[in-house]
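Take a look at the structure below.
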Amino acid sequence: MGRLPKWNEMQEGFITKTLSESINKTGTWRTFKPIIDYSRCTKCGWCVIYCPEPCISFESSGDGKVVIDYDFCKGCGICAEECPIKCIDMVMEE
Amino acid sequence: MGRLPKWNEMQEGFITKTLSESINKTGTWRTFKPIIDYSRCTKCGWCVIYCPEPCISFESSGDGKVVIDYDFCKGCGICAEECPIKCIDMVMEE
Amino acid sequence: MIEIRWHGRGGQGAVTATELLAKAAVKQGLNAQAFAMFGPERRGSPVVAFTRIDKEPIEVRSHIYEPDIVVTLDSTIINIVDISAGLKPRGTLVINSKSSPKELKESFPNFGIAAVDATSIALKRLGVPITNTVMLGALVKATKIVELSNVEKVVSERFNQINVEAVKEAFNETLMLEV
Amino acid sequence: MIEIRWHGRGGQGAVTATELLAKAAVKQGLNAQAFAMFGPERRGSPVVAFTRIDKEPIEVRSHIYEPDIVVTLDSTIINIVDISAGLKPRGTLVINSKSSPKELKESFPNFGIAAVDATSIALKRLGVPITNTVMLGALVKATKIVELSNVEKVVSERFNQINVEAVKEAFNETLMLEV
Amino acid sequence: MPFKNLKEIIARQDFFSPGHGLCAGCGAAQIARIVMKIAGKDSIMVNATGCLEVSTTTYPWTAWKVPYIHVAFENAAAVASGIRAAYDALIMKKKLGKDVNVVVLAGDGGTADIGLQALSGAFERGDRITYICYDNEAYMNTGIQRSGATPYDAWTTTSPAGQKTLKKDLMGIAIAHRVKYAATATISYLLDAANKVEKALSISGPSFIHWLQPCTIGWRYDPKLTVKLSRLAVKTGLWPLYEHYDGINKLTVQVPKRTPVLEYLKLQGRFRHIMDNQEELAKIQSYADELAAKFGLGPVVE
Amino acid sequence: MPFKNLKEIIARQDFFSPGHGLCAGCGAAQIARIVMKIAGKDSIMVNATGCLEVSTTTYPWTAWKVPYIHVAFENAAAVASGIRAAYDALIMKKKLGKDVNVVVLAGDGGTADIGLQALSGAFERGDRITYICYDNEAYMNTGIQRSGATPYDAWTTTSPAGQKTLKKDLMGIAIAHRVKYAATATISYLLDAANKVEKALSISGPSFIHWLQPCTIGWRYDPKLTVKLSRLAVKTGLWPLYEHYDGINKLTVQVPKRTPVLEYLKLQGRFRHIMDNQEELAKIQSYADELAAKFGLGPVVE
Amino acid sequence: MQKVEPFLLSGNLAIAYAIKQLNVDVVSAYPITPQTTIIEKISEYVAKGELKANFMLVESEHSAISACLSAAASGARVFTSSSSQGLLLMHEILFITSALRLPVVMVVANRSVSAPINIWNDHGDIMPQRDTGWIQFFVESAQEAYDKVIQAYRIAEDHQVRLPIMINMDGIVLSHTYEPVYPLSDSEVASFSPWNLSLKRLDPDDFLTIGGFCYPDYYFETRYQSSKALEDSLPIISKVDKEFGKLSGRSYGLVSPFKCNDADTILVSMGSISTTIRATVKKLREKGEKVGMVSLRLFRPFPLNELIKSIKNAKAIGIIDRALSPGAVAGPLFTDVTSALYLSKMSIPAVNFFVGLGGRDVKIEDIENMFVNLKKIPTGKIKKHSYYVGLRG
Amino acid sequence: MQKVEPFLLSGNLAIAYAIKQLNVDVVSAYPITPQTTIIEKISEYVAKGELKANFMLVESEHSAISACLSAAASGARVFTSSSSQGLLLMHEILFITSALRLPVVMVVANRSVSAPINIWNDHGDIMPQRDTGWIQFFVESAQEAYDKVIQAYRIAEDHQVRLPIMINMDGIVLSHTYEPVYPLSDSEVASFSPWNLSLKRLDPDDFLTIGGFCYPDYYFETRYQSSKALEDSLPIISKVDKEFGKLSGRSYGLVSPFKCNDADTILVSMGSISTTIRATVKKLREKGEKVGMVSLRLFRPFPLNELIKSIKNAKAIGIIDRALSPGAVAGPLFTDVTSALYLSKMSIPAVNFFVGLGGRDVKIEDIENMFVNLKKIPTGKIKKHSYYVGLRG
């Protein structure tokens, strides 16, 4: 996190503009890790829309596959549960 | 009203049990005074029940006529207005 | 400094009376302060208001205990309130009453008295028994603390010409008896 | 005074662990203080708790910056938190891990190390990966700060016999390596 | 047993004392008196700050011949709940033997606005209190400011051009809280009102009465008209008298022929500014018609 | 234009950022994200104190890519009204050109209990705000205490033997306030929910959405079941999806065959204590049946 | 510079007039005596189109201040006013307003607090708000009330300050007393207190988060920051007052000592009572009594140096509290002032006069009596340090 | 007299246990961290039938205190607890409770106030309530919290006192820390703090009006009366504490000086920080430093004489505030103490330490540093009178 700010280095009125995604990598909370079986994935998007973080998205480049940003995935398992064809596996973290 | 109480003569917690009827004669507020024409009064009781003070009642003794306690009557005129046979007159106070 | 106490009833405009008087005073370059004993009084219950008028800026802010002048707006208030309480020796009472100053003198032997039947004037001219502007006319007549023209001005600014006429009539009708 | 720091994750019962340890200490006539860094942490996020144990009544109420002992409840926490931060020279780490003390020693060369696969014990005995009671067994084995029987007592008062068995198993399975 | 005639009500003892300081002709005084006649001696009265409270408890006197408490403006329902809780607990623990009616009288401001949340809480908990809102359709005690219950187009000192929203539907809100008993009332329909109070007091949970109260100062009318205006409010359909019991709404006073709203409005200074405004008058008439349709009242007969 | 499929929603930009601190599997995060996708950039978000707020604005970071404000627990609606008033005034006075959506997300405690009065005021004034209650049926942020929205029989830390009153009917209360648009929603019916948000934002006055949100901690279930429970709430009839527009209630998602409530309850630890209590289970089933009758849902099919 | 004919206005009407001239954008308030006529008048201005503003009569004071807060956060110029129970109901949000550094301006028509309910003047409502982090003025007259409202927006919206301001005006005594007031012209007001769209606001084109959650790592710093801003506002307050003086011929200072230089006994006071004291001092001076008085115009930030300077030569001082702090060492102002004296290593004998609670009238004689008592103090004969002036018993 | 095996309880649980033993009739409360586990535990006792009481989880703190007030007025023994924003929301009703002389007992798990929102300990919530007319204790441990609750009902319900009582217990630091607590037996509690149906209550058989409207003619007198009652409660508080000591072996005094007699430097503090200071004093004494400390157990009524007595020989004192009063002369406790010193004609140099805001941890080294600074003061080298201990910047 680096050095904490002095009182006169903070913005007045306890304002912030720093986004959580830039500093708070919640992927460390995870006990189980979702793994997508791309061979079966239909790109339906349910995992994308239901991820509460949100940390699944369609890749904008390439073939537009769905990708999980493990920096943020907390391993809730919703994507796996809601995937219509059950092509996501939850695997214990090491 | 007499002498006002000292601080240690007042009841604790700003409690009172003194009834307004015992000390606050609101009859002095009156500009018009209701006068009942007993010759016509049917003792129906509407004036009794609608008086907001309340200061009209059936006399418990005698022939049970309705009487106005002028100590409290503020002269609103409701009794006169609501008397079904209009036997109450509102007369300017002197 | 001249100090005035007003007696009226909730709903009769005692506060407006004191305000208008003060305004008239300010119009002629005097300083003035107009206030009342506010409370949760309801229509009909006795109320008291005050005016202070002075050439100098007015600093004192306490109630008025020893007025120079007392004005009553309501014709029956003299029966229930001690209107002359604290009135300075040789002070003036300006009373709304059908009675003449002479008759009133019996009750208030030590004061100058001015009287006018303001209620009748108000009923006649305004259609309601609201005497606050009317009594301003009487007060000015009796005490000359401000000029009638200034009272007329402030009354016409706030109300209308009919009220001004009522003020004038009261001014003309007011009878006086020195101490 | 002995000072202990616990590392776990929200939902794993670090607070209960420190409370039970303190209770066991009190049972044998010691003084104890059990507390945690409370916050709005949600399930899964790293949490820290503390225990102080002493013969004398405990007066100091600050956090613990230089613990004698550190216990981890979660097997992956060592990857994301610097668990040995501030640990006294020659202090003890009691770690929930499948790895042996020897393997762990590489990461923590300067401390005594005790290790047990608490998650497996918990899953086997309790059916859930909640390791707080289990790690009490390991802690006692590694440090002897309280008697095992007292831990068994407080665990059985709060939970049940199965938990007590888990404590015992952890006690027996814990492997140690001195500094 | 419902009251059958006026005499039965008159015969009840008074617990509201003359010498109070409410305005001559104040409708709130009438309500206080009738409510206390019905509730009787073993009752505790709770008021919210407002005209009724300040003018009936002016130290050193009180107009109340029953135990009475006022705490603040916004918490009358919570205060009542506390009393209920205390009596329930003390009776349960056999520290006290006798139960009481806990009755609230609070203004429309103290009910529809600043006190709504406390009331909602009491409803939700199911506390056995009888909460009566005396609705004079503005903050009268502080000098006639609009409240959530101020009707469309009414002048107040803070709606100098006329209020431009509809009156909050307190009955609807109470009913949405599944309160077991809720009713409207007004003084001109005295038996109806008295019986509603009686019924409310008998409910084993919260009960609510929304009681329209003409106010001479705030509505700007001659004080003698208090009862008359209360009657016209019903006759015009602007104040339907109904009750809600266990999920069902029932009209309690039918108005076979409705009076046009103008008859009601023209007596009140607060509507003076729309007396020549046909458009606005028509809006209010059509609001009355809507209510009439909803509650099954008769047609307007000029 | 209503959304017709999932892709249209996914295509919308996100204004809710990962790295927030809500629990793994938190339903409130899903709501925040969807609402912001619909509301878009020119929106201001207001939160009441609660899980969502404390876990998305942990200094020095924030999860919100739109202007966001939190003031306190009980005043979210008033805070929103203030923003609305400011924007209206500044635009009227030509000090600003561009308008915004003012969107509130507040928990059930912040809505049904301590924040109800502020909400009632905003409804009454007709302030153009979209108020969304994410209802996880208890005070989760402070550790699962009962709220006015806690359902019958649910365990919480302050109803250890199960809550014994019915869930407050927030929709009924909103409708009694004549709010122009009010709707229920839940994440499992995503198009339905998205379209309701879109509609709510288009209303020229207050709009209200009551959004059921399963909570893994408070309801005591495996986080992966969040969407599933949201679906079962609808399928059992316990959470009818409907909307109220201009005075009329309309079912938006029909449930032709209802699932027995047990299927929903048994997945949740908070109902564990009644799993063997047929009487209590029957009560909840009959409550679902009542709702089904009211909204015209299909029969239970085991 | 005074215009020839003043207006005759009550304190409340003077304030409403200033608000109109200040072209406020949002007014959110709730009625309570004796503040109500301010908002009644404003609602009239708005209804007549004389003020273009959003006037919200909300459902409680809690919401009134909440809406002001967020309207200010949105960049609007806002106003509210309250008294007594209403002010107390705002308590929680007052702290938040200052900590979020939002330039809300509020007039408090000071009134006693319940129980029992009493609608008259004292400082019982405002004293318990002395920790809230707002700038707090006390005014002595309708004129000063008018002037201070105009100054307030300049100060509150100053980018160095960005703090909410309360203007305390004694209820009834000032709020409802009509007296001459010399207003500025609309254009003078507009150029003295121009509205500036605040830089940090709820703006979709530059999003930010206001009011987030704070771990112990940051709390102390951010609170210190706003506390420091309040301290540092003092010179800016002075500067604005002086500039206002140039424009209007009226400036007030942070404290206003009167005849203090050679005074043996000095009364310290705040608000409307100060004018009666000033009149009394004049009267006593005419009799040759060496008396003086000092009125605090600014209460927060506390003008420690200015106050000490003015009283340092006295042989005895009396400090007037218009509020009780039951169970405390003494009244709130007394405690502040003696603590200031302590820090300044002074040891002038001081007594506390509790005066005029719940509308108990204060007469010139009462004040003369206080001076009489003060005079006795250096003799050592007086042991009491608290007097309840006018208390029966 | 201590029983052999203590319970291991958090402050909150210790309090809940006392409430059960005190057989309270009505509990009305609202959740807020860090107070919540008190009411959770009580709700469990009630659900299990271990406490026969009416437990109301109401819809806000405003209602919680309102219902307690009226339940007490009905003769019930009542309890509530709160923290931070919840306490602030009760503000208005706190004054009414004391003025109506109702024996409500409340525990405050002290926590900082918003903004920004922070759930950790300081005294920012309680200090702005110092004028409310309640008796206010500060406790140092779970044991003292337990003991004080038991004493509190005896004091509050005493017919001479009839005042509400707040027991301040540092949030998290005490509320959530488990430590040994020696409870009394149920029967000891019952006989020490028996419930008596209060004489003046809402009773249909003897009606009375509570909370009426008050003209200026009576307000000053009635407010003085309750203020006086608070002052006069001091000896009764002492007496109850001593009696409790006889029963339990534990009594606390109004202030508890430690090593003050010959100390050159003394720290004055309240609440849980005092135990850490005591530990530090012991440590420094071992090194021969002449340091001392005094902890105020009672804050209102302020134990002026007791406090002065204990610090009068010091060469320098440090006063610890756990709350800011922005723009004031100094922190709330500092102002009180120096005002008391001023009245006592003392002139010991004093400095104000602002410490531990919003959960900022306070270490033994921090306290050692304070003593180091204090020691330098008599040298005159130190000019500052305020230190922000641990502040970054």
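Per-chain residue numbering starts at 1, and chain names A, B, C, D, E, F, G and H are given in the order in which the chains are listed.
Definition applied: contacts are C-beta pairs under 8 Å (C-beta built on N, C-alpha and C of every residue); 3 or more make two chains touch, one makes a residue touch a chain.
Treat the numbers as computed from the prediction; the structure is a model and nothing was measured.
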Touching both chain D and chain G (chains): A, F, H
Graph distance between chain F and chain H, where chains that touch are linked: 1
Between chain B and chain C, centroid-to-centroid distance (C-alpha), Å: 31
Chain A and chain C, separation of their C-alpha mean positions in angstrom: 80
Distance from the mean Cα position of chain F to that of chain D, given in whole angstrom: 40
For chain A paired with chain E, centre-to-centre distance based on mean C-alpha positions, whole Å: 56
Overlap residues in chain E, where contacts from two or more other chains coincide: 21-24, 26, 53-55, 57-60, 62, 65, 70-72, 74, 113-114, 116-117, 120-121, 124-125, 148, 216, 223
Set of chain C residues in contact with two or more other chains: 39-40, 44-45
Residues within chain A bordering two or more other chains: 4-8, 14, 16-17, 26, 29-30, 74-75
All chain pairs that touch each other: A-D, A-F, A-G, A-H, B-C, B-E, B-G, B-H, C-E, C-G, D-F, D-H, E-F, E-G, E-H, F-G, F-H, G-H
Parts of chain A lying in touch with chain H, wherever the complex brings them together: 4-9, 14
Chain E - residues contacting chain C, complex: 21-24, 26, 51, 54-55, 58, 141, 216-217, 223
Residue ranges of chain H in contact with chain B within the complex: 99-102, 162, 200, 207-212, 214, 217-218, 220-222, 224-226, 228-229
Residues on chain E engaged by chain B in the complex (per definition of touch): 6-7, 9-10, 14, 16-27, 29-30, 33-34, 56-63, 65, 187, 190, 216, 222-228
Residues of chain C defined as touching chain E within the complex: 11, 40-45
